[in-house]
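Mind having a look at this structure? Questions to follow.
Per-chain residue numbering starts at 1, and chain names A, B, C and D are given in the order in which the chains are listed.
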Amino acid sequence: MSPLEGQVRIPSGCAVSAMISRDGRRMNGESIIQSMIPMHDRSNGLGGGFAAYGIYPEYRDFYALHIFFNSKSAQAECMTLLKEYFEIVQDEHIKVRKMPQITDEPIIRRVFVSPMQSVLRHLQIDDKELVVRVVNRINAQLDGSYVFSCGKNMGAFKAVGFPEDVGRYYRLEEYEAYSWTAHGRYPTNTPGWWGGAHPFCMLDYSIVHNGEISSYDANRRFIEMYGYKCTLQTDTEVITYIADYLIRRQGLTLDETAAVIAAPFWSTIEGKSEADKAKYTYLRTVFPSLLVTGPFSIILGFNGGLMALNDRLKLRSMVVGEQDDMVYIASEEAAIRVMAPEIQNIWSPAGGEPVIVRVKEGAF
Amino acid sequence: MKRIYVKEEWCLGCHLCEYNCAFANSGMTDMVKALRGKTIYPRIQVETDENGVTYAVSCRHCNDPLCVKSCIAGALSKKDGVIEIDHSKCVGCLTCVLVCPYGAVVEDGSGVAQKCELCMKNTCGAPACVKGCPNGAIVYEDRGEAE
Amino acid sequence: MNFYPEFEVVRNDSRCIRCRVCERQCANEVHWYDEDGKVMLSDESKCVNCQRCVTLCPTRALKIVKSDCRLRENANYSDQTIKEIYRQAETGGVLLSSMGNPNPLPVYWDKILINASQVTNPPIDPLREPMETRVFLGKKPDHITRNADGSLDTKLAPQLTLSMPVMFSAMSYGSISYNAHASLARAASALGIYYNTGEGGLHEDFYKYGKNTIVQVASGRFGVHKDYLEAGAAIEIKMGQGAKPGIGGHLPGTKAVGDVSKTRMIPEGSDAISPAPHHDIYSIEDLRQLVYSLKEATEYRLPVIVKVAAVHNIAAIASGIARSGADIIAIDGFRGGTGAAPTRIRDNVGIPIELALAAVDKRLRDEGIRNNVSIICGGSVRSAADVVKAIALGADACYIATAACLAMGCHLCRSCHTGKCNWGIATQRPDLVKRLNPDIGSQRLINLMDAWRHEIKELMGGMGINSIEALRGNRLMLRGVGLTEKELEILGISHAGE
Amino acid sequence: MKKYVIIGNGVAAAGCIEGIRSADAEGSITVISAESYPVYCRPLISYYLENKTDLQRMNYRGESFYADHNAAVLYGKNAAEIRTDAKQIILDDGSSIAYDALCCCTGSSPFVPPMQGLDTVEKKFSFMTIDDTLALEKAVTPESRVLIIGAGLIGLKCAEGLHDRVRSITVCDLAPRVLSSILDDRCAAMMQKHLEDHGISFILGTSAKEFQGGHAVMQNGTEVDFDVLVLAVGVRANTALVKNAGGNVGRGIAVDDACRTSLPDIYAAGDCTEYHDISSDSVKVMALMPNAYMQGRTAGVNMAGGEAAFDNAIPMNSIGFFGFHCHTAGSQPEGCEMYEEADENHIKRLFVKDDRLTGFMILGTMHRTGIYTALIRNQTPLSSVDFDRLRIEPQLAAMGSAYRDKVLKGAV
């Protein structure tokens, strides 16, 4: 049997797509599913997925865990563990639409949880850190359980299959989100595993990514010093951890984060103002191991916005479109034209230059 | 103009320049054939001072060349800064040897005068002594000095 | 006991033009000209096979070959072993050797292969795209801090900035010549890297290269004073050396002459003996005290490097150093060179740098303190490929010394301890020192580093990496061939084909 | 536009033309040449006989020299008179040429003392010019017996030149040694032996008393039969033009360091002049090619309004016979010390006085002798150099590192 995710490093090509309303208007998943259809050939049916922000307004204060279980016993084991750390607010099936294109489905549950204050006090950590630790523990140590989404008021939906089928399977037309990201996968050496599909999430960060990064092991071995465990050995996973580490734990801004991941060349830095020179030099000096090289286009989703970023040589395609309050991002312009047929303003961002979109304050 | 200068602090006294010179001006393509079993008459000569310091001396291509002024046959001339000898005109009187204050014009072993012509007339292209010096003690450069 | 000489001088008389260059250039007085017979003669027993005569012979009339006169074959007692016994039986002395361990022990660099991109991601052409090799060595902060206005506080612990991840390793003035130091200093300056004074102090002429100088503090403390410490860009505490772990150094009085003795601050002609330990460092906490003493003395302006030989428990030692306040750890493998070391020590003590480096990098990461220190890898880094492999194993930069000596003309005859280096490197004899013209020496070092930088960029480009930091510790880019499971495990790499 | 006139067309004249043109590209130059050849150097005539050169290669400055320097040459003309008042030269054909500046490069002529019966000799020649040489060449056969009167530079070079063309050569001279003007007894003896080894016979210390056709009788009674007679007793400077115009003349035309004669706008250069020898601090006729050129050039520069001086003249000679060379320079003043080094085929004599090298004679090996010449010419104090090393071998190494740096590290 071929090795699964986590047993071997898996490079893969992909398609990405995203749409976001800066006004915080919530839209159902129809449009984002449609956007993946013209990019069908960028996937090979071994993985598709979506992330949606703003979909659980009534549970916005709770962490929404989306979990795959291989068996009832695994589910029971996992729930026992969760109860040691969290109040279980709600535990339910994620509704799916049975279809021939999607097979081998695991048990798919959605659990809203709230960290127990006593635990936080005992461990001297904040609630986010607790979620990260527990999720890492489940994913690394509990056989048959895999948490694939764990943020607030957001969720990831993914499966083995083509992305448009995955969207239908999860009935995404029934969810309303102000920000959607999508991913179609083209892995080159795996039979495909549900957990290995994208997006990859950590707290409310979700990453969809197209590329194969050459810095992988340098990034992985660095980030693993800080409690992360790259169980999937995928680019998306490590980039998610890098984003979490830089944004949440180091407190870098999105721009600063982009300047670490896709650092400007020294020759570019030389030409900047003294203040910028000092800043960029500092970031490259302090976080050299988090520079990501090789081709990538990623879309980092988070509560209240998203950031799209290309590698600094722009070795992967990525286009951005803007119309009214909407911003669209995709591997191919065709995908954007599906979502917004009348769109005028489409451009291709330069390598290493982040495109950051934020929803109006208070609108999500 | 470019001239040959010596850096005596780097001269090893190995005398390779003399052999490279003799070979370069031998008109032959094989050094062994050119020099083996022969006394060489190089146009550059290594001297050793009282402290054991060595350095090579070759034609300075003077601004006021006594050799050119003294040549009875009109065989020596200065063209583009280089003092040349026209061997077809030279009759071997060696007056040039008698007047060169640096001892840089020498007899070639057959009674004819010869001197450094910066390897411009042989197939070397650039001074062989410079090219062959293992320690950069002889250089061919323009120090911007007035003619 | 008389042996047949180890080398034979083969002179092709039909090519010899009697220019006597060989005679003039041999400090061992192997060659001479016989006026009567008009031939060149030689005394081969004096020959160390430094190839000076071969190199300078204008007609290629000379070669030096290994003598085939052999003692009776014995797979257990090699010729070398037997002759060493004879020598010791004769002299009662410790055998001395120079340069690195020449024995056929495994060279792991040669059993590690480098990856390249095909199809799924593109190789990068260094002639078309920027390819960055700049490296910072020094302690990195665990957390960023911000100024009141929210901007990043960009103050950092002192860092060394290298244009490429290679530096010239410690070789003292005394063990090598003034001109060798001049060559290294000038090349380091021109290249934007660093050279290392070694333990012999810093000649006053070279203070001007201070921005590119690492000053060493070794157990003998030769030439160490306030101005010296402040002259460099970093201070290196030498705890050990790969060629001779566990023992000190010994510069014979014959080399401690003139400026060498002045620079070392020792009487002319006296032996300069570095003790095996630093007598103020008998434990890791003592090291911490010295690290901070040196930092205090230089107002925390300079990073402190601690250099250790790669020995069995190097990972634990490195962990201790990383917590000692040191900014950089230099690890020197058992193949590293020396101007003189007891043969038995050189050939039998220490471990390969590849394994040591991998173990140290892993240990520091396991302990989450890899960012506290930078790692320099030394002890037989021979090519750009070795550099790339070292970086991918986890080094921040490499130290080279043997390769640098080779660039300056060394022919690895391993006779440095005689002080008669025909190439003007490991000698203090003025007529020999003169043979290394720093104009040439520095240019050759610059050429070598330029060439390596190009090759590093080519290799990186092939891997689809366009900045050296993305290569550091990127062990997925390496595969082993012909290595055991254990070796692969220690190196932290997969076997080729996996 | 200035009018320059040069009387004579030897090397001094060529130097004068180059000197004028180095300072004045415009003025007209007229050269009055008695001989019908472009400038050549007279000492080459013996090499012509030896086939080491030919008439074409003897041309001192190449085909286009006069054209390149915009100089007109009047071949086959002689100046008969200088009229200083009118600033005119009257030629032997009666025509006149005006000058603003004039240089006399009239050279020297063979001097033949009166000898009884000389008119009975059928084939007798001087050895000064191409025409002399061509005539001599025609007159000799492989069977000729040649008698040369004069064992000086001219006589002996003639002997060398004729050596392969004739049956025998006898050289006689009143002086008791060969090359008596430049060599002392010991050196002359070595040179004489070398010449005798090549079959030249000598009758020295006596002169010809009487000629009877092809028979000569010496003062000491020796008799010589010969077919061809060459008269090379000596030369005299051609001073008449200047002398007749009222200029100061001694054994040569008197000139100063700027090569000016005592007459306004009249200069003189070359073998016709007498001038200061710094090695002996005396005025001499030094009929030497290098000096002739340097004087000519000096005169030319000054004529054209520039400033030049030839103020370090010394006598010097480079002469060789059958591959055996001899270099001499300077003088041997009264009371000088001599350093000598000699073996069978080589001799070196250096003369030192008052901390200066004043002269030398070197026979056999000519290696870097110019370094000695420079010591004489520059009047270098020997205490400032390492003369102990220098006298053994001429070398810059013994001249001090400052001098060496100046010579080898900069332009000289």
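Worth a mention:
Convention: a residue touches a chain if its C-beta (ideal position, glycine included) is under 8 Å from a C-beta of that chain, and two chains touch if they have at least 3 such contacts.
These numbers come from a predicted model, not from an experiment.
Should one ask which of B-C and A-C has more C-beta pairs in contact, the pair is A-C.
Of all chains shown, the one whose average CA position lies nearest the global CA mean is C.
For this pair, chain A with chain D, the centres built from the Cα atoms lie 104 Å apart. Chain geometry summary: the mean Cα position of chain B and that of chain C are 43 Å apart. Look at where the CA atoms of chain A average out and do the same for chain B: the two points lie 78 Å apart. Work out the mean CA point of chain A and of chain C, and you get 47 Å between them. Pairwise chain contacts in this structure: A-C, B-C, B-D. By the touch criterion given at the top, residues 14-21, 24-25, 55-56, 58-59, 61, 431, 434-437, 439-440 of chain C touch chain B in their complex. Chain A contributes residues 9, 11-13, 188, 211-219, 221-222, 224-226, 250-252, 256, 263, 265-267, 275, 278-279, 281-289, 291-295, 312-313, 315 to its touches with chain C in the complex. Chain B contributes residues 3, 5-6, 8, 47-50, 53, 55, 57, 60, 62-63, 66, 69-70, 72-74, 88-89, 91-103, 105-107, 111, 143, 145-147 to its touches with chain D in the complex. Against chain A, in their complex, chain C makes its touches with residues 117, 120-122, 124, 129-130, 132, 134-136, 140-141, 143-144, 146, 151-152, 154, 156, 159, 365, 368, 370-371, 394, 463-467, 469-477.
If you check the complex, the residues on chain B that touch chain C are 7, 9-10, 12-16, 18-20, 23, 31-32, 35-37, 52, 132, 134-137.
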